[in-house]
Every structure is written in C-alpha cells, then in structure tokens.
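Two complexes are shown next, each including chain A; its partner changes from chain B in the first to chain C in the second.
The block that comes next holds the complex of A and B.
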C-alpha cells in the first residue's frame, strides 16, 4: 500500500510542473507585460519606475529564466504580493482556505449521503416510480444553472418566507453568541450555499451509482452470493455496493475541479468570503499575482483530491494496489 | 425499422430535438418574432410585470424581457455551436493521433489530457478572460480550448479498439495513407460517440457562457444574453420575480434539451451497434 502511494506521489510531479508551465504561459498571453497593468493606468509613472518594476518582477530576463525563478519561489509558497493591497498572496489565500474547503467538504458529504442511496435504490427498483422520479431529478439537476437555483432559493427562503439569511456566513452579532448559537448561526447561513453547490454533483453521483449498481446487480458474484443463501441486505451492501463504488470514487476525484470552479459562482452570489470570491475579485481587479497563486493552488488541491481518490480506490480494490 | 422500436429512447431524441429546433428557430427569427427592439429603453414602463403589452414584463430600463430573451437565444446558441466546434476539432485531432500512432506520442498526449483535466477549468477560463477582454469571440475560443479533453479520450479509445480490426489492415495492405485511414475508415466508425459528446458539450458551453455573463465576465451589455439579464435579477430580488424566473428558465430548458437529446442519442447509438 505504502509503495503504491509513493509511486502515485511521484507520478504527480510531472503533472505539477505541467500545471505551473500552463499557468505561466497563460499569464504571458497578456498583451504587453504584467507590470504595464500597474503603470498603464497611471500616466504619471515614469520610464524609470517602469524599468524598476520590470526588474522587480524579473521581466528583463528571458522567459525561461523568469519561469525558473517563479517556479523556485512557488515551491516555497512565495506567490509574491497582491497588486491591490500589497499583502502577501499566500497570506490572503491561507485565511480563506478553511471556508471554501469546509463548504466543499460539506457539499461532498451531502452528495455522498444522499446520492449513493438514491442511485442504489433506483437501481434495485429499476422501472419503478421511484426510479423514474430519480431519473427526472437527475435531468433537472444537470440542467439547473447553479446561479439561477441560488437566486430562486434566495427569493423563496430569504425574501418571501424570510427564514434563511441570504448573504455572508455569519450574522452581525456573531461575536456575542455562545457556542451553540454560533454553530446554529453558521448552519443557517450555510444551508443554501451547501445545497446549491451540491445539486449538480448529487445528480451526477446518483446517476453513476444507478448505472454501476445495475451492472453489478447482474454479475456472477452476486448470483453466487445469492446461491449461498446470504441475506439480501448483505448481498447488496457488502458485495454489490462495494464493487459499484469503485467508479464512483474516481468520478468524485474528477469532479473536484468543478466543485472549486463552482465556488466562484456561489461564493459571489452568497457573498461568502472564500477562495472563489477572492478569485473573482482578483479577476475583476486584474490582480495577477493573486490570480496565478489561486490558479496553481486550485490545481494542487485538485491533484491532491485525485490522489486521495486513487488511494481510496486502492484501499477498496486490492486489484489496483497490486497492478504494476 | 429496428431503430423506431425503442420508443423510450426515441422519445428522448424526439423531445430533445423539438426543444433545440424551436430554439434555433427563435434565435434565427428573433428580429421578426419579437415585438420590440431588445435595447429600446422605455423609462415610463420600468419593472412592469407581465402584461398583454409586455408578455414577460420589462427590466429596470423598461426594455421588453421577452425580446431580450429571444435575442439572448442567438448569443447562447452561437457560443455553444462555435465553442463545441473548436473543442470537437481539437479533440478529434488529438484523440485520433494518440490512438493511431500510439507509443510515446500517445503517452505524451494523454499526459497532456490528464494535465488539462486537473485544472479547475472555470478558474482557468476566468484567468484567461481577466487577461484578454471579455467578448463573445474570446469566450467561444476559451470554452473551446478548455473542453476538448473528453472528446479526445473518447476518440482515442474508439481508434484503439478499431485499429486492429481486419478492415483497417485491409486498408493498410492496399497502401492507404495514415491520414486516409484515420479520416475515411476510423473516424466514421467513431461518429456516434463524437456526436453524443458534442451535443452534451453544447449544454456545457451554454452553461459556462451564462455563468460567465452572470458574473459580468462574459457577454457584455447592451448585447442581451441570458446570463447578463440575470445580473439585474439579483439586484431586483423580491421586486421583480419575472426577471429571475424567465431568463433562468430559458437557460434551464435549453440545457435540458441538449441533455435529453444527448442521452437519447447515446442510447440510440448503443442499440444501433
């Protein structure tokens, strides 16, 4: 097992280098130099200042050297300073990670505890009313634009019924609450964002779960388990589900970039101070160091997510552990 | 015919195509179908609810919502078609080369595909837009350049499974060039899955475009797009429900249409084999 994990870790290195290369390439797509954004808007900036800025960012050196320097700073988590307020990019990112990670984990949890039983039951009762209802839900979930769903729910629960807050993650009097009230307050603020960010994934997982279960249901080892007279519950949950779960883990790993991307949308709508909103603000103000930092970090988190998915897969399925 | 026997799947294809055809019709004939110009401002009639005069109501500048949604259809479909065109061409090109030539070229290209799949695509798209100005052309190109990986994988696996078959060997024996084998013999046999993922790709592209426009980083006003109409919906939440409901419904129905069509076609091609 450890050998497998180490091998997977090493295979991530070229991916990481590739990610940084593309990010670097993207930033150099910009017409003109990154430093000109700071100076173009300000006609008072003299040529000297421009040259000094170019030197600070190493823009007077060849691209390869620039990339090398940037990469070496990157592995030490040195993303430079934000154009906007001159704070370290890493500090700005660091304080926002818990919020975004927390919401995404909650939404993953919701996806799993609702999506898996939904798909399994739909497959077991395939053709039934429940199965058809699930299929309709899946289509709706896929077609629902996150931001529209968010607006509709804000309108219903926040404005018409007035039972849920529609922006931020805590109330103004948060500081004066006791622990139980604080948790309740956070929960009330998080219900809508978590639900909204989970809907797409929920549809996807229940659909794949249903497909996987339908295939496994007819396989020979399930027949063998049934022939041995095992109770139906054991057959389904210990034998069939375990096998049907393998592709689900991989799909979950692959859906991580989507979750992170989605956080830009729902964090902007619900005014949640997380990585997504930070990224949106960085894009709006063209804060290049921050954009680069978040782009690389988002990709690293995705890589880690894939790694965890692979390890989970190897844990569930010994065949993966021992293959090449 | 055998194809028409599977009623359920045909129902999907049927309803999906109806929705899409209707949409294409509206997009093409929007200037003749709509009663108002989508950018005609009428300050005496702002935020009016649905009525006989303005069937879906008006926005905060008194512009007719129905007309704006109809013209928005054009933008969405255009972005979808061109973005998917770009991603399909790239995907076919990379996938068939990787599958056909195999060896180091295959592993190199597939590592590149893995790499692209690792990027949080929406972050990447936003970064590029931050650098190049947000415009319809840029959006189409960027969505196309960041969504070809699925098609590349599908084409590659199809090519891999087909290239050892007898008819390909026969083509090689009579001296057909590699390009000819790929274009004339391999790709036509992979057409089904390519069409399915192109149709589903339309849904994806339209969703991304509307999300970008909603964030203000997509189609720029005054050009109406479903996403940028919804910007105003957020500002008038609780005041003008029609501004929230109808543009969102348009996006929802469109994506649903492409999803249904894609799903139906997938089953259709599966049965056809």
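The block that comes next holds the complex of A and C.
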C-alpha cells in the first residue's frame, strides 16, 4: 500500500510541471496586459511611466525566460508579488483561505447531513411521492441561479423580517465585541451564505446516493442478508449503505480543490472576501503572479484530491486494491 | 401709536425676520457634537495606502483623509495652502517658493518638515518607484531645502500644472527612508498628517480610520470613518435599506426610481454633483472615412445628445461641447452645442460625396457602403447603451454601424493602443487642472499614448504649449477657451455627456455643503447630533 502511494506521488510531479507550463503560456497568450481594473483612462499616467512599470515587473523579457524565472522561484516556494499591490502572493491567498474553506466545509457538511438520508430514503421508496418530490426539490435547487436565490433570501430575512444581516461575515463593530458576541455575530452572518451554497450542491450528492442505493438494494448480498433474517435497519445501514457510499467517497476526493475554490458570483453577492473573487480579479487585471499562484494551489489540490480518492477507494474496496 | 413707536416695532419685526431667516449653522446656540461613525459603502477595496503609488479611486479616497499635500483645492476649485503656509511664484514661473506650516505633526508625534517633502519628491522621480504620477515632476530641475520650513522648487521651463501637482500627499521620511517601497508594511499601515489616523484594514472587507485629535485644522467631529467593501451593486443597495451603509453612490436608475419611498425620504438625503469627466465617441482620424471633417461634423449633427442623456443617464447629466468640464474655468460657454439635425447631417455628407446612389438605404461613395464599427469596453452598460442609441440614429441617415464590446485589458492593449478601431466610445476622468496636453498634442500619438485618435492641429499644439507655461489663470483661460473652440470646430470626438455623480447620505449627518468641488471637501466639519448617534459601542474615549 505504501509503495503504491509513493509511486503515485512521484508520477504526479511531471504532471504538475506540465500543468504549470501550459497554464503559464495560456494565461500570457490571452490578449491584454497587466492593468488596473479602472475603465476610465487617466491622462496623468503617461506612456513612459507604464513602460517603466513593465520593466520593474520583468515583463519586457521573453516569455520562456519569464517562465524559467517564475519556476525557479516556485521551487523555493516563492510565488512572487502581486502586480496590483506588491503584496506577497502567498499572503494574499493565505488570508482568504480560512473564510472560503470554512464556508465550504460547513456547506459540504450540510449537504452530507441532508443529502445522504434524502438519497437513501428516495431509493428505498423509489417511485413513491416522496421520491418524486425530492427529485423535483433537489433539481429545483440545482437549477436555481445562486445570485437570484441569494438576493431573494437577503430581501426576505434582511429587509422584510430584519432578523439576519444582509452581507459580509462580521458586523462593523466586530473588533469591539467580546468572544460570545463575536461567535454569535459570525453565526448570524454565515447562515445565508452556507445555506445558499449548500442548496446547489444537494442535487449531486443525493442523486448519487439514490442511484448507488438502488443498485445495491437489488444485489445478492442484500438478498442473502434478508435470508439470514437480519432486521431491515441493519441490512440498510450496515450492509447496503457502506457499499453504496463508494461513489460518494470518490466525489468527496474530487471536491477537495472545490473546497478552496470559492465562487465569484456567490462571494460578490454576499461581500465575502474569498478566494474566488481574488482569482477573478487577478485574471481581469492580468496579475500574472497571483493567477499562477492560485493555479498552482488549484492543481496541487486537484492532484492530491484524486490521489486521496484512489487511496480511500482502495481502502474501502478490496477489489480495487487487489486488481492492480 | 406714535410714529417713533411704529418705527421701533417695524424695526423689531424686521430684526425678528432676519434672525429666523439665518441658516441654522449660523445660529450661535447650535454647537456640533463629537462622536459617531460614518460607514461608506464601495464596490472596490483599496490596493495600497502609499499615496504616490495608489492609482485607484478607493485608495485615493482613504489616502486623502490620512495624508495632506502642500496645496489643495478649496470648495470653488481654487488652489489654497494645505501643509504649505503660503507660496510664491518667482522668475516668471521658473521657481516656486513654499513656506510650510510649523505646527504640524505626523500621527506618531514626530514634527513635519521640509525634509519630508524632499523625501517624497525623491521617491516620485526614483525610477524604481512604481508611481503613475512622476510625469508632472519630470519638469522639476531641482528641489532645495532652505530651512526646515522653506522649500525652493526650480523648473526646467515654466510649468503651470506644476503648482497643482504639489497637492500630491507628502509621506513621512523618518518612517520610510530605510524601507523598500515595493515591500514595505507602510502600504497597509500608513502614517500621515491628515484628519484621520489609520486603524485597521481587513482586505476586501473594511478599512477603519479614527479621528486625529491633533489635526492642524481641528479635530474632525466624526470619530470613525469606516470604509466598507460590498462588491455587488444590488447587495449594496439592500445594505442602504437596512442603514448598514451611510454614504454611497447611486446609479441613475436607483436615484430616479428606487429611492422615492417613504423610508428613503425619512432617512436619506440625495445629492446631484457633476462628475469630473466626460464620455465621448472618438474617431480614428487615420481611417479614410473620418479624414474629412465634414463627415465627422455630419455625425455630430446626426447624434441626439439629449436623447442619450435621457436614455442612458435618465436625464442626470449635462451635454458637453469640448474637452473641459462645464464647471471648469477653462470651459468656453460661448461654444454652443450643435442641435440634433439629421437634415444638416445628410447635407454635409452629400457635400463630401456620400449619397445613396443605388437606393438600398445605405450611403455609398465609389461603390463602397459607409459602414464602421464602434468599440467600447465590457462592464459599462451606459457606454453600451449609448452606442446602441448612436447606431439607431446613424442608421436613419444611412450609415451602418456595428458595435463591438471588448474586455477592458484587451480593449486597451490590442485595439486602442494598436489603433485597430474605426471609432471608440470611451470616457476621460480629468484632474482639476485643465492641462490636457497628453490627450490633444500631436506629439502624443505613439503606441500607448493618449492621443490615440491621431488628432493634429498646429494651432491647438501651440496653444497647449503656451497654456501650460502661463501661471496667470485669466491668461491661461484665454488659451484654453480658444482650444475648446478649435477642437469643437474640428470635431475629432463627438462629445456626448458629463454624467452626474449621485451620492446618497444618511440624514443624521449635518453640515454637508455641496460645492463645485463636490461634497467631501469639508468632511471634517460633518457631525451627528448626540441623540441621533448610532455606533455608540465604538465611541472613541476622549
């Protein structure tokens, strides 16, 4: 097993270099140059000044040299500095990880808590009214545009009922609160964002769960368990569910990069300073070091997520382990 | 009643009316209260709080409260001393002599002196500083510190915009002399001389400033200035409705249709102030279609500017006829806008040979149809809508227009800089000084420079050169008025409109006096009556 993991880890290195090489060139081939996001030209910023800036940033060198310099820094874990504000790329990413990761973990948790029982029950009562109703419900959630749902809920709870804050993750006077007040304040601010981001993800998990359960329900070992006279609850939750969970584990592994991903629309609407918006703004202003920093983070997490999913599957399913 | 008594009572009645008609601020018994916070809502966060590097409006707004320049504009857009006590312009404008204020301290208690100005200047012209503002200082020959509070600035040639350029915020030498500007923590924790001290910055969330007790013009009444980032317009508008934001800008639609409810009338004041910029349709003068000025003028006649102002800005803007803002002293009120006149447009086009010879509805010349593309940038719906209105109007006189909307960064570097356009719909945001040499002078046409339409008029060139050497405002105004007239006559742009900015402010703030410079020029005099103060948990201890 350990040998398997080590071998897989080493095979990831060339893959990773390939990803960075392609993304570096693609992002530099996109038309446009590093620029501010303001769309009114300011005549006080003269050409000489902009040329001087390009030189300071090293943009006057050939692309392949720029890549080499960037890669040599990366090997020393130096992501460089953002063009926009000269802050270290890693600092800019780091300060946003807790909030994005926190919201995504909470919403993933919510999805699992709601989605798995929903899928299991829908499968057990397949064809029933409950099954059809959940199908409609989860696809409704899946199809609903995030920004629209978010605005409706903000309007309802924030303005009509005035029981929840509209945007942000902290109140204006957060820094002046005691610990209990701080926790309550964070909680109140997180309810809507977590709910909205979970609604869209419910469809995937609950559908996979239902499908897996449907297949397993008819398999021979369930029949055998029934024949042994085991109680229905034990059959479902100890025997059937375990087997039906295998595809879910794969999905969880693949959702690892998503946990750090964040979403532009969602973060913009709720005014949450997350990673999604950081990346979006970096792309729009051609902030190359920051774009590459986020791409490196994303590709490492994707590769690791795949690896973890494979290992976890090998662990729970002996057939995968032995068929190698 | 005797005549004398009558006169006396008449006098008393008169006095009474004078007294009650005095504006409330002038009544002596109302003394402003200290305290409370203002929450300013904005869709963008600041980038860096090093003022000579910051180029975005959010950073500039924060920096203007934390720092001071040597000079500043008063409410009527005249230059007045700020950190300077006074100045003298000597040798026909070759030298400016500044006397500095002596009682100014940095927020950390150290005294401000001429050394700080020298330091800021050196950083501005240092090629390793990533400042966009060095242009104005390249004409400085040298800067001499005569004593702690006297400075002499010599120029290579007289440079009138030079005085205004000393509005550049001054930075503390003692904190920055050993710092690398590209890496310093100062960009996130600035120390200035201004009315507010920096307190806290959570990226993309908020920036908090606190009143400076030792400010040389007196402590501001409002304790805290809280800059809150809400990137989505719709969310920002919801936040206004729960009074989570006290001060922000509205869109024309919000101003006209969404803020007329009882709630808004009770809790908010709306203002209308001309912004310092204009929107235009610029012709690529190298394009064969637009070489003939009669064609350009025809297009000017064929476009109904009032219709665009109504359609795009819902009437919240002004027509403009030239490269200056209508409120500027450089603006020539004698240049009257061409009124919408499609007949005249057809006539002019016919004169220059454009006619519909084959009756297909489109004008042609040498069997070529008059067809061109207007490009504009993504993310500005006003510009896109304006382009569509123009498209419709030009179709009526037989010109086929296509519209292409391009993402900003590619728009500038691939299309504007490389001259790959027929006509572009864009806006200029202008500085308070009217010098617009970089936009109109024929030497400024290299790739990346701002005369990207390739405008060339030797008379305008000469006037631009003399105007920036003339310090006397009246003399200078004459040149600019002439420039205004000539440019409108040449019609290299179709000048479309000057949009209004539409700030909205919570009613609990008093002392706000709109002026040509805007609203916030005397922010330190705004105040909230004690009984209406809202953010009491975070009151500053005095």
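In this text, the second predicted complex is superposed on the first by the 262 of 324 C-alpha atoms of A that agree within 3 Å, B and C clash if a C-alpha of one lies under 4 Å from a C-alpha of the other, contacts with A are read in each partner's own complex, and residues count from 1 in each chain.
Methods note: a contact is a pair of C-beta atoms (placed from the backbone, for glycine too) under 8 Å apart; a residue touches a chain by one contact, two chains touch by 3 or more.
Remember, it's a predicted structure, so these values are computed and weren't measured experimentally.
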First, second, both or neither for A:270, with chain B first and chain C second: second
Partner chain(s) touched by A:95 [first = chain B, second = chain C, both, neither]: second
Touching partner for A:159 - first (chain B), second (chain C), both, neither: both
First, second, both or neither for A:85, with chain B first and chain C second: second
Which superposed partner A:286 touches (first chain B, second chain C, both, neither): both
Which superposed partner A:257 touches (first chain B, second chain C, both, neither): first
Touched partner set for A:145, first chain B, second chain C, both or neither: first
First (chain B), second (chain C), both or neither touched by A:220: neither
Partner chain in contact with A:22 - chain B first, chain C second, else both or neither: first
Doubly contacted residues of chain A, that is, touched by chain B and again by chain C: 30, 151, 154-155, 158-159, 268-269, 284, 286
Chain C residues within the chain A interface of the complex: 37, 39, 44, 47-48, 53, 55-57, 127-128, 130-136, 182-183, 187-188, 200, 202-206, 208, 226, 228-232, 234-235, 238-239, 241-242, 244, 277, 377, 379-380, 407-414, 426-431, 436, 438-439, 446-450, 535, 537-538
Residue ranges of chain B touching chain A (in the complex, touch as defined): 111-112, 114-115, 117-124, 126-132, 203, 207, 210-211, 214-217, 230, 233-234, 237-238, 241, 244-245, 248, 251-253, 255-256, 259-260, 263
Chain A to chain C touching residues, read off their complex: 30-53, 56, 81, 84-87, 92, 95-96, 151, 154-155, 158-159, 162, 165-170, 172-173, 175-177, 267-271, 273, 277-278, 284-286
Residue ranges of chain A in contact with chain B within the complex: 14-15, 18-19, 22-23, 26-27, 29-30, 139-140, 142-148, 151-152, 154-155, 158-160, 254, 256-258, 260-262, 264-265, 268-269, 279-280, 282-284, 286, 291-292, 294-295, 298-299, 302-303, 306
